[in-house]
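A, B and C label the chains in the order they appear, each numbered from 1.
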Amino acid sequence: MDTPEQNDVSSTEFAEAADGEARRAIEAILMVAVDPVAPNLLAQLLEVPARRVEAICDDMASMYRRERRGFTMERVAGGYRFQSHPDQAPWVERFVLEGQSRRLTAAALETLAIVAYKQPVSRVQMSAIRGVDVEGVMRNLQHRGLIDEVSRDPGPGNAVLYGTTQEFLERMGIDAVSDLPPLGEFVPGPEVVEALERSLRVGPDEEALVVDGADDTAGE
Amino acid sequence: MDTPEQNDVSSTEFAEAADGEARRAIEAILMVAVDPVAPNLLAQLLEVPARRVEAICDDMASMYRRERRGFTMERVAGGYRFQSHPDQAPWVERFVLEGQSRRLTAAALETLAIVAYKQPVSRVQMSAIRGVDVEGVMRNLQHRGLIDEVSRDPGPGNAVLYGTTQEFLERMGIDAVSDLPPLGEFVPGPEVVEALERSLRVGPDEEALVVDGADDTAGE
Amino acid sequence: MWVRLSIVDIPLGSWAVSVTVTTAVYQGPFDLLLDLILREEVELYEVSLSAIVDAYLTELERLEGLDLEMATEFLLIAAILVELKTRRLLPSDHRVDPDDEFGLWEERDLLLARLVECKTFKDAAVVLRRLSEEAARSWPRRAGLEAPFLALAPDLLDGVGAEDLRRACERALAPRPSTHVETDHIAPIRASVADAVVELAAVLPDAGTVTFRDLTTGMVDRIWVVVRFLAILELYKQGAVDLHQADSFGEIQVSWRPDANFAAGDLVDAYEG
């Protein structure tokens, strides 16, 4: 509508409808994405040319501005993402200060503890142990410089493995991770973690109930 | 800046402008929130009554629907959150890959149903209802964060009592346990009870048939 | 949906086999019974009596002594079914003890009530499945705070020491504790299941012919009678005892077989797992 590229009416409409669908898909994907999503990836997922993805994304960004949304769509670090509108920062700050501190701490502490004791450990393993998605928490910990990517799993999928940082040791006031107090004896060793992960994907007594082997596609 | 708001001194317009500002703040906050944000918290942050927050949020949710956004705003587990639109699931699935490892088995769902409706409930009570030991399933559910220990039975034995969690509500996409249909709806109808009774009748067959009065095969 | 082995393909005379085959599918006796009755419309009397006992003994061994409380559940249900079935196969008897009759009705009503309850929650679970499947079509936003706000958030590690970290890790990794608590609780029943066989094997060889009533005198709780009844059946299956019942609902005569070559220890192992 803003920049009609076609003169033929029907094909314009067709293109607009297709763009509309692509726009919806991009909105959905960006809404759940934790990191910026590269236009190439969007192009590949949606099976449209990257150039068109970029055009659509530009349109979307200006549409949100025009509509005076409380969020914006920005191109950051080579990809697109939703973020809070800068002029809403005071509200977001209030939310950060008053809103979410307690629950985040408990979740973050457990996550941090597992990374500290079980490192190097992948995000999938972490999720299996904590039983919930740890992506947000881990990103937060990483942003604060407490954990970081330390290596890659040599196995299939080459999952990123995480460990604690120097900063973490300093904050804890210890020299090395081995200075952490030993865990109780009932805690499973690192080799059990993997077994645990497996058993969590398909419960021990439930294997026969799962039809699709789709569970194996985890790797990130 | 994009669309400068003029100040006509009508009170409706004033209220609308205020709502517009609240909407923008809510959009910004939900964009950075990891968990559903309770209306009370939003009310506290924005210094408006919770009732008005709820009205604004309802408006926002239907606005996104009307605009056919790729995302929706839902009330889940006691708060509001942004999530991808269900009809965009095929695209999002491509993006997130982890796919259906989130699927729950029949055993898990039946145990969850008991916890959801009878909470707080002990393991023994659950086992008695299902007729099998539920320990394995329960540990699995607990690891996934869907149920948790909520209290102790004050009676002898001090059995651990379990209840459902926030995560459960999120996984079911409901706001509160009370949103589940009442259990009474699931009590088997007379034809099922009759079929069970017939199969479990006491005494020789001829007699039982007379007592039942109906030898047609009911069943489902 | 999930894979479900059809019980239709399996001869009714070998229920024991079907139970073994389908343990991965059926979630216990209620599940099995409900399916048999409501879906397959099987008349329970078509199933052979020894097959029922076998099925439950198999089920018992499968449990490997993990939870004897559940094992006794199985026994109780098995015993009720056996009794119901016995009544239905035998011609009407007019010398029925009213107390026994009342007791059986009571047990049956209880079983019926529990089946109805189980069915209720199974149907409720269908709604949970639908809800969770609908909800699974949406993914929540989890991106979290943007970098500029992270510094604002209350310091995660404020006041957190290495000890807190250890506790948090143990909390996250620990196998849930309920198992041990419950085992203590059910210990008396656990002993009785194993002991019933041991005791009987110790007493019967020198006892001549005794009645089942003699063997259960003084037992108040019906579950103990059931346990002992199944122990007798097991001994019978092992060829250790002969059973004789003059007429239906008459006294069951139990006598140790002179040629019995039975070591109680074997069986206890089977129960203890």
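FYI, contacts are C-beta pairs under 8 Å (C-beta built on N, C-alpha and C of every residue); 3 or more make two chains touch, one makes a residue touch a chain.
Since the model is a prediction, treat every value here as computed from it, not as a measurement.
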Longest centre-to-centre distance from subunit A, chain (CA-based): C
Maximum inter-chain contact count - chain pair: B-C
By mean Cα position, the chain sitting nearest the middle: B
Cα-centroid distance, subunit A relative to subunit B, in whole angstrom: 24
Gap in Å, rounded to a whole number, between the CA centres of subunit C and subunit A: 44
Whole-Å gap separating subunit B and subunit C, where each centre is the average of the chain's CA atoms: 31
Contacts with two or more other chains, residues of subunit A listed in rising order: 31-33, 82-84, 92, 96, 100, 104, 129-130, 136, 205, 209-210
Where subunit C touches two or more other chains, by residue: 2, 139-146, 149, 175
Parts of subunit B lying in touch with subunit C, wherever the complex brings them together: 30-34, 36, 71-72, 74, 76, 81-87, 89, 92, 96, 100, 102-107, 109-110, 112-114, 116-117, 123-124, 127-133, 135, 138-139, 142, 157-160, 170-174, 180-181, 183, 186-188, 192-193, 195-197, 199-208, 217, 219-220
Subunit B partner contacts - residues on subunit A that touch it in the complex: 20, 23-29, 31-33, 37, 41, 45-46, 65-66, 68-71, 82-85, 88, 91-92, 94-96, 98-100, 103-104, 129-132, 136-137, 199-201, 203-206, 209-210, 212, 214-215, 217-220
In the complex with subunit A, residue positions of subunit C that touch it: 1-3, 24-25, 139-150, 152-154, 156-157, 160-166, 168-175
Footprint of subunit B on subunit C - complex, ascending: 2, 27-31, 34, 36-39, 41-45, 63, 66-67, 69-70, 73, 77, 84, 87-92, 101, 104-105, 108, 111-112, 114-129, 131-132, 134-146, 149, 175-179, 181-182, 185
Residue numbers on subunit A that touch subunit C, as the complex places them: 31-34, 81-84, 89, 92-93, 96-97, 100-101, 104-105, 108-114, 116-118, 129-130, 133, 135-136, 139-141, 143-144, 146, 171-174, 179-184, 186-188, 205, 207-211
